[in-house]
Amino acid sequence: MAKLVSLAEGVADLVRDGDVVALEGFTHLIPFAAGHEIIRQGRRDLTLVRMTPDIIYDQLIGAGCARRLVFSWGGNPGVGSLHRFRDAVQNAWPRPLELEEHSHAGMANRYVAGASGLPFAVLRGYTGTDLPRHTTNIRTIACPFTGEVLTAVPALRPDVTVVHAQRADRAGNVQMWGITGVQKEAVLAARRSLVTVEEVVDELVPVPGQVVLPGWAVTAVAEAPGGAHPSYAQSYSVRDNDFYVAWDAISRDRDTFQDWMRRQVLTSEAMV
Amino acid sequence: MTDQYTADEMMTVAAARQLRDGTACFVGIGLPSTAANLARATHAPNLVLIYESGCLGAKPDRLPLSIGDGVLADTADAVVSVPEVFNYWLQPGRIDVGFLGAAQLDRYGNINTTVIGGDYTDPKVRLPGAGGAPEIAASCGEVVVIVRQNLRTFTERVDFVTSLGYGTGPGDRQRLGLRGGGPRIVITDLGILEPHPDTCALTLTHLHPGVTVEQARAATGWDLAVADRPTTNEPPTTDELAVLRALEATKGTR
Amino acid sequence: MAKLVSLAEGVADLVRDGDVVALEGFTHLIPFAAGHEIIRQGRRDLTLVRMTPDIIYDQLIGAGCARRLVFSWGGNPGVGSLHRFRDAVQNAWPRPLELEEHSHAGMANRYVAGASGLPFAVLRGYTGTDLPRHTTNIRTIACPFTGEVLTAVPALRPDVTVVHAQRADRAGNVQMWGITGVQKEAVLAARRSLVTVEEVVDELVPVPGQVVLPGWAVTAVAEAPGGAHPSYAQSYSVRDNDFYVAWDAISRDRDTFQDWMRRQVLTSEAMV
Amino acid sequence: MTDQYTADEMMTVAAARQLRDGTACFVGIGLPSTAANLARATHAPNLVLIYESGCLGAKPDRLPLSIGDGVLADTADAVVSVPEVFNYWLQPGRIDVGFLGAAQLDRYGNINTTVIGGDYTDPKVRLPGAGGAPEIAASCGEVVVIVRQNLRTFTERVDFVTSLGYGTGPGDRQRLGLRGGGPRIVITDLGILEPHPDTCALTLTHLHPGVTVEQARAATGWDLAVADRPTTNEPPTTDELAVLRALEATKGTR
């Protein structure tokens, strides 16, 4: 059964320096509050994993938390590029950032393999692209029945996965709905997991399209209302698109970025 | 019938016209999403829009802000997980059309959205990367590319092959075992390019009204092949323009 | 878009002599009406595929429709053995029945591979059992990253899959809920598909736990109210357990079985 | 405290007692399901019942008629697809206990539910087959077997290894790369058998009240090892019997 904790406790207990950390969320339900808490607690040398590293990863990278990024698409969704990510890759600021780059299909299947307790996944992917030239974690495999050659990628097994969901009950059962992306797989692939939720309720009323993670498959749950802002939590909030647009200017310049982080993240209290 | 319109509007309208009613289309955000929604709002009401966030058959009444916009989930026939959309829907070749943009494009329709200049570990410009594109380009029945045409984008060779077009020419896709047909058409702000049936090289086959072959050549970083008589596209109709502008006006509203 | 057809038309168009046919359903939503129509139309030489062949497969086998059975558990669920299945295997009555036998995990993954357009699936399965000795479709495969040896099974690609669901709309979008087993995978793995439904409605109101199959991924839909009887359709009917129990006696004897089939299946009309 | 009870009731109660509160248990239909639900209704209210139909955390208020009974879906924490229950939940070793029956069982806890007599293609008795059992036996933290003890069932060698116990003895599971611990305990209508820590051979460690070692030996098709002093199990308590009978009475009701 998942423990109910505060966000600060959850991050302190479950996210450690040097960890492989996945904060997942596909445009929807992005765990911003948890990412900010990781920055506040000063984690270092993280290997950040995510299909779609966006603003929260830009912030983690710009704050110097990350040593390495494993990903398939790094951008400001619907807006453009990530300037802190670019600055780290192009200029090693504030520190060098190693990249391990995949396609979405590859990353999704790597989580599936992790969740399934398999060492690798098979897909039709990457073929003819330059990705395998730079990413050693992409190999070929022959079908033992037909001889056809396909692509293999290794399982992802994060030390800890962090996701945001709409609700949990007091036993730590987690309920999310709307676009749920790869979050179930990312949680099940991880050794530990932390789920922030809009609210903890007495009973999870079933909702169409829901994904439920039983509490015994989750390590800890922390209430963090609005914890997906500026992304959104279907039925709770809408995307703060102005912030996504504003981030382009905030993040373009190192000083503006650091000033914003000081004011908006580092000096504010953990949300719960 | 000749309302004022921008080159981007012409491009978007021309792209929308390429989408046939009743087909299933895997849509990226930005220009592809706008064009696909325009098609659905005009001649292709039964176009099935598929977004990599797992929304199958989305019917947004406003332009989504991202591929994970709530309006896509709210209006979809089915919302599935991200692994499922790639494994059960894209990979087996169920999607007729993959609709992609590009940061660089070469003569054989290969697409780069990864790095420009320098080398991979120390690039001049770091772009977002692959996302769903490599497998969309590999597995959809055909690929439609929408991209502005200029010397920065239309390069002799892309700096990084993020998504394969025809590789180095005829037979490459087959040799690699790719099941999708590859780029059928490239729609730009100047006109339309199609792969030559023998050489697979992108060939200018249509020009938008008022654009010359010379302009298209000047905006292309390789010696652009041109069809015998490039057709001039119809300008956007009043209706197409009105619907497109109404759609654009919905962006960010709810 | 799926065509709306009558059950008789659907079976006539989509199920052909010699086909590989999967009628799926995991205790819940078993397509009995469609199976009966296949018997009435006198299909022969079918390769029947199913994880849990139960009474409807006992009937198809006893009626002589099947040449081969690909399966992982053949029984009368909650009651006992299948006597027509046994009689075919032990005594070749009414004709010999070839078996290809798997585990549930293997069959489920074979459907997943079929639905995914892959020639095979990888799992931890069958290890140390006698199944691989008798089923040639079970091989080993080494992980290209770790060298670990796992099990591979080939994709299932039925010529036609038949399932029963609660509802479809007029565009052929199919909605099912409750225990949905491996039905989505079985439909997506097949070249053609026929879905019988409790009712065709104007609009599919979302239901918690629903699985929706878009109409463009289904070949045909036929209305067949009660078409899962004696199994059940959650929110529409309950399991007729008395029939499951009664089947044990009906099916034990060849004459009793044939008499029952004549009276209950062969002379009654197609349901729609 | 000595109500009248049947040997089957004793067996079911003894099996239920083996399930620890708060653990996750993969349950087959029949005796395992009855025993698991008895445990949940008595000492293990937080026992997580997992059925291969995809029901995780089912809390049925009556005995399910099959592993796909509607009451399981209605009361589950989550209902997932059949591929998911095997791939995401069973295979990675998330389930503490696999609870299995057997048509034949041998000295090393190997289980047959496939064919008896004759050979595979021409058997004397064709049984239902494997179902989920091979992977339950392979991947659960431990396996609990519940089976009636007699010469037909307890055989020197099973005619077909459907689900592996300890194979031919110590080290076999490790050599095969199986991650689960294998059969921890076998509960019968006569007593309890446990694998010997060195030889892995099933050893009679407990007898139900009134049963003798000789009876157990006579019901076993191999030379049964017996612990130095087999413990006598506690008979069913009044409460256990009452709850079990109430449960049995719910079967088929709704």
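Letters are used for the chains, namely A, B, C and D, taken in the order the chains are written, and counting of residues starts over at 1 for each.
Here is the rule we go by: a contact is a pair of C-beta atoms (placed from the backbone, for glycine too) under 8 Å apart; a residue touches a chain by one contact, two chains touch by 3 or more.
Nothing here was measured: the structure is a model prediction, and the numbers come from that model.
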Farthest-lying chain, centroid of Cα atoms versus that of chain B: D
Between chain A and chain D, what is the gap in Å from one C-alpha centre to the other? 40
Using the average of all C-alpha atoms in each chain as its centre, how far is it in Å between chain B and chain D? 57
Mark out which residues of chain D touch at least two other chains, giving numbers and ranges. 87, 91, 139, 179
Where chain A touches two or more other chains at once, the residues are 117-118, 123-124, 148, 184-185, 209, 211
Between the chains shown, work out who touches whom and classify the graph as line, ring, star, complete or other. other
Those chain pairs meeting the touch criterion are A-B, A-C, A-D, B-C, C-D
In their shared complex, at which residues does chain A touch chain D? 1, 115-118, 173, 184-185, 188, 211-217
Can you list the residues on chain D that touch chain A in the complex? 22, 24, 46, 48, 56-57, 77-78, 87-88, 91-94, 139, 179
Show me the residue ranges of chain A that touch chain C in the complex, using the header's touch definition. 117-124, 137, 139-141, 143-146, 148, 150, 152, 154, 206-210
Which chain C residues qualify as touching chain D in the complex? 26-28, 51-52, 71-75, 77-78, 81-82, 85-86, 89-90, 101-105, 108-109, 111-112, 123-131, 133-134, 148-149, 178-182, 184-185, 209, 211, 232, 234, 238-239, 241, 244
Could you please specify the touching residues of chain D with respect to chain C in the complex? 29-30, 52-55, 65-70, 72-73, 79, 81-83, 86-87, 90-91, 114, 120-135, 138-139, 160-164, 167, 172-173, 176-179, 252, 254
